[in-house]
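Quick notes on the structure that follows.
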Amino acid sequence: MALTITLNGEPYTLEGPATLAALLERLEIHPQTVAVELNQDIVRRDRLAETPLAEGDRVEVVRMIGGG
Amino acid sequence: MALTITLNGEPYTLEGPATLAALLERLEIHPQTVAVELNQDIVRRDRLAETPLAEGDRVEVVRMIGGG
Amino acid sequence: MALTITLNGEPYTLEGPATLAALLERLEIHPQTVAVELNQDIVRRDRLAETPLAEGDRVEVVRMIGGG
Amino acid sequence: MALTITLNGEPYTLEGPATLAALLERLEIHPQTVAVELNQDIVRRDRLAETPLAEGDRVEVVRMIGGG
Amino acid sequence: MNDTFRLAGREYRSRLIVGTGKYATMEQMVEALDASGTEIVTVAIRRVNLADRSRKSLLDYLDLSRYTLLPNTAGCYTAEEAVRVARLAREATGSSLVKLEVIGDQRTLFPDNEQTLVAARQLVQEGFTVLPYCIDDPIVCRKLEEIGCAAVMPLAAPIGSGLGIRNPHNIRIILEFAKVPVIVDAGVGQASDAAYAMELGVDAVLMNTAIAGAKEPVLMAEAMKAAVEAGRKSFLAGRIPRKLYAQASSPIEGMIE
Amino acid sequence: MNDTFRLAGREYRSRLIVGTGKYATMEQMVEALDASGTEIVTVAIRRVNLADRSRKSLLDYLDLSRYTLLPNTAGCYTAEEAVRVARLAREATGSSLVKLEVIGDQRTLFPDNEQTLVAARQLVQEGFTVLPYCIDDPIVCRKLEEIGCAAVMPLAAPIGSGLGIRNPHNIRIILEFAKVPVIVDAGVGQASDAAYAMELGVDAVLMNTAIAGAKEPVLMAEAMKAAVEAGRKSFLAGRIPRKLYAQASSPIEGMIE
Amino acid sequence: MNDTFRLAGREYRSRLIVGTGKYATMEQMVEALDASGTEIVTVAIRRVNLADRSRKSLLDYLDLSRYTLLPNTAGCYTAEEAVRVARLAREATGSSLVKLEVIGDQRTLFPDNEQTLVAARQLVQEGFTVLPYCIDDPIVCRKLEEIGCAAVMPLAAPIGSGLGIRNPHNIRIILEFAKVPVIVDAGVGQASDAAYAMELGVDAVLMNTAIAGAKEPVLMAEAMKAAVEAGRKSFLAGRIPRKLYAQASSPIEGMIE
Amino acid sequence: MNDTFRLAGREYRSRLIVGTGKYATMEQMVEALDASGTEIVTVAIRRVNLADRSRKSLLDYLDLSRYTLLPNTAGCYTAEEAVRVARLAREATGSSLVKLEVIGDQRTLFPDNEQTLVAARQLVQEGFTVLPYCIDDPIVCRKLEEIGCAAVMPLAAPIGSGLGIRNPHNIRIILEFAKVPVIVDAGVGQASDAAYAMELGVDAVLMNTAIAGAKEPVLMAEAMKAAVEAGRKSFLAGRIPRKLYAQASSPIEGMIE
């Protein structure tokens, strides 16, 4: 069953059911280096595996970059 | 019947019943040159005569002075 | 007899004998508005008529202009 | 025979005949650390021993001190 | 030159706004105001002194056909107090102009801009014509403008400090963005400060201590009148560009040799 | 206020000396001089242009009953040249006033103060009333005064640079020691510069490019007139002391509670 | 001299905080940070670029045993956004330090101090260690301190402007009243600016563009390291008083005659 | 970075020249010189005190393998005196380096540049390596260079005043034209002054009072060492351009929405 979410502002489709941890894995992103927001709430790193994605969810995956 | 009010921060006693207009008259203050506040609300000049004073009222009578 | 002098840095030929006053007249310059130097010495206005020019003389005729 | 000179601005009397070298020795000043002027002319270090003092000579003995 | 200063729907010839505080005598104040050429004067609102009925009031000295009154909320430390004083001022003067001043600290008299914004929102809503004293912060000025203030009045330096325009860069940036008049309020110390403020392009200058506190207030009022005029004309006349060095003012041709 | 400027035995009401160079037209110059209120104007001495007889001379435009002429030695690079030009100037103008200017470098137009001292000694001896343009060096100024110059005229900044008073400390020190008038000459760019110079306590300001080179020279002349007056009055009126911060201009007593 | 900088419960030897943005390459950044001697570096929080997985992340370049990370909320225009980014930053970095930055205007990048106060209240309540970037307003700084911020970080001049300390008076006043560390953030252009800031008595200086934007960033980082050290020592050493003039450094006695 | 300072045919690593006057004790002087990293120290020439033979001389404290001696002619008021002192200095030190100083006024200690030129001509002719202290006058500097001086040493501000670089414009112009080293001599008050002088592009800075008169001279010497190094590197690194406002140091892309 395909799930369509908004990932970092863009539509993104993945096979469901899926968790945030699965999403990161698919994106080849190591959870240790990023922070994840689901519908404007932080999902702490240790909760990623137990947090399911639903149709229409808005997900932000951010990390540190150079800045002043 | 004596009324005690707070006038410009100090206790002030006058014979009641009395209006704000009467108070000003007694103080020999011309209403045209001042502004009057009763319990933190402005009482417009044309309402002074019809505004009675009550025990414990807080009255401020202010005017313009030099300032920058 | 032609006289060649240096007038304001340029060679200038006039009929001689001639005085500085005659030179100015020929140049249509009113002596009142200028100062005249002959061979690096000032010739005062009242001496112009009596000051003859000689071959090779260096004459400067200057006046006021706008300046700061 | 006593000689009176002006030494660093003050009168100074010593037994003559004497040289600048002798003067310095008497003053217990090592020539290496000072410069000597006799009547406003420098006397170089290697000439001190052969430079006699005369009555009324003006001698300056200077050295380095702290300055900016 | 027909160069008028438009503020809150009225035209003024003078671009100097003068305070009425701190003069040695009322007569000196009257003379100084006259010498300054000002058309707008600030006043404070204070309790009537009930003990002293003899003294004449400020109004006995100010020719209201000549001066627009600009009551201030000086001495207020919260938006609430300032709104209250503004309302009293409107009642006392009959005018809805107010110089909004919410002080953040009694030692420095720096404005509390957060509270000033709160008070400005309230007063604009109540129909006041609000002229807020504020720090020279372009963002605060923009917000005050968006709220509907009739002008913004950033400080040049702390009230009474006499330090002049401490940060011309900020004033320039404020001017670049402002659509309402910009009035430099507070901090001027001498005539060249006022001239310089006007040369930055501000619409007017407001001062009190610089005049009232001078050794000779009336003469200083004349100085400030001339300075504001000088600075305005200098701004309009378009100054020469700055160069590291020189450009001869006498021609080079025609030198004797 | 009866405050006149005494220079070389004459009294002037204006403390602004204006140059006559670099205007777009003679008419503009006339108008600008008039607007400036000046009573002393500088002029240069140059060869008569023999090729062009049509053009009217500067004298046709200057009302000599109104302006004292101050001829300069602009363009001279040695004491010798300057002395020669000064003599020509005296003959041409009938006045022994001279603005002594010996330039050290054609790019910066900085004065050659060593040569200026040499020329000043010679010209004073020849009976000239010497007003020397010099660097803002207290020692050079003292020497020029000792030589017998009628004033000293230190620069504010390079000629035509418009940078304003680059080193007010030096001007202050010069003022502290000078017994002749001190005139700031060159470098002014805008009205506040002139006002500030006067506030330092100088006796007068001399300028040319700042007016003639402005976008609107006549308006700038008005600005400078007002600025010099403003600065002078501000100096005389005695400004308030500078403080890091504040002093209320509205009274503290009588606030509502 | 054992002079350490205490911030949020930790001691640092360096008083220079450096940003990690705008370097030509990551290698240059690493070298510049090393040359600067900094122990605290600011970082921004941005979306992972999903299209580009090849690029190494900032974390691959920063030795976290050496540098304290100070994530910022740069780019936020409201308190709400800033709070959201701060939370993400805490999750991403594992640290609750945050450089709070709420921008008021995209052209000038001046802070919106009203929103900064709102965000600071919220973040302090959520347990963040808040280091707010703000305007050089003593009242805003006092409020930020009262809210519980761990330091205040007034700007020297607009971000990236390189104008240096535009208003040292305000910084002085802020220092006079602050009980938390004062860090000058933004506006430094050259080494003397940083030294001067330290001489005013601030606890540290934060910069990014001044180093990253220099022609030779690594050399400028060395310059800034030395400048901050120089300014700090100069502040502690107690400079000589300013005089209008002079005091001989060589003795007067003992001159030859 | 291999950046050496070449003066009179020798290479130095330090660009800080330090005076040896006014320290509380000789030990403090030794420690301060060491802390400053200087390689050239100025000394004065004075009469031996005949009354006091016990005291050790300056030479007992200065390691001549480490410091180049630069004797000065401080205290001289005429070219003649200065030449005489220079000759004594050469004899006393064995070096022909001389800091030429002819003072024009005992209160301000401003140099007499006219006499300095006279003395410089004589001393160069006698084979001295002349380093003249002079006013910040581009023409005087050019003449000193033409005479054959090994450097020019314009003042930043009066000796001992601590006012910093009073007129950076003049220093810039001097640098634009000079082909010999330019050393700022006198007037520095704090570390940022020294850094700023170096950033203008001067080759070295000479100071005495700023260090010796500080509350803690040794710490100030360290500060000045770091400041000169900071300023030099900042000059070489190429600072960012100045802008009225801003340029973000964190990227704009990738913000959360």
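Each chain gets a letter, A, B, C, D, E, F, G and H, in the order it is written, and its residues are counted from 1.
Following the convention adopted for this analysis, contacts are C-beta pairs under 8 Å (C-beta built on N, C-alpha and C of every residue); 3 or more make two chains touch, one makes a residue touch a chain.
All values reported here derive from a predicted model rather than from experimental measurement.
Engineer: Can you name the chains that touch chain B as well as chain G?
Structural biologist: E, F
Engineer: Note the shortest touch-path length, in steps, from chain B to chain C.
Structural biologist: So the least number of steps between the two chains is 2.
Engineer: Expressed in steps between touching chains, what is the minimal separation of chain A and chain D?
Structural biologist: The fewest touching-chain steps linking chain A to chain D number 2.
Engineer: Could you check which of B-F, A-G or D-G has the same interface as D-H, with more than half of the contact pairs identical by residue number?
Structural biologist: A-G
Engineer: Based only on mean CA positions, could you tell me how far chain A sits from chain H in angstrom?
Structural biologist: About 63 Å, centre to centre.
Engineer: Distance from the CA centroid of chain B to that of chain D, rounded to the nearest Å?
Structural biologist: Here the centre of chain D sits 97 Å away from the centre of chain B.
Engineer: Approximately how many whole Å separate the CA-defined centres of chain E and chain G?
Structural biologist: 34
Engineer: Distance between chain E and chain F based on Cα centroids, please, to the nearest Å.
Structural biologist: The answer is 33 Å.
Engineer: Any chance you could list the residues of chain A touching two or more other chains?
Structural biologist: As it turns out, chain A has residues touching two or more other chains at 9, 37, 60, 62, 65-68.
Engineer: Could you pull out the residues of chain F that touch at least 2 other chains?
Structural biologist: Only 19, 21-22, 44-47, 72, 74, 84, 88, 108, 110, 158-159, 163, 169, 173, 208-209, 212, 244-245, 248-251, 254, 256 qualify.
Engineer: If two chains touch, include that pair; go through all of them.
Structural biologist: Result for touching pairs of chains: A-G, A-H, B-E, B-F, C-E, C-F, D-G, D-H, E-F, E-G, E-H, F-G, F-H, G-H.
Engineer: Residues of chain D touching chain G in their complex?
Structural biologist: My answer: residues 9, 37, 60, 62, 65-68.
Engineer: With touch defined as at the start, can you tell me which chain G residues reach chain D in the complex?
Structural biologist: Residue list for chain G touching chain D: 248-251, 254, 256-257.
Engineer: Can you list the chain G residues touching chain E in their complex?
Structural biologist: Against chain E, chain G makes touches at 104-105, 108, 110-114, 117, 135, 137-140, 142-143, 157-158, 163, 166-167, 169-170, 173, 177.
Engineer: Can you name the residues of chain E that touch chain B in the complex?
Structural biologist: Contact set of chain E toward chain B: 19-23, 29, 42-48, 50, 53, 57-59, 69, 71-72, 74, 84, 87-93, 159, 186, 207-209, 212.
Engineer: Along chain G, where are the residues that touch chain F in the complex?
Structural biologist: Per the touch definition, chain G meets chain F at residues 169, 172-173, 244-245.
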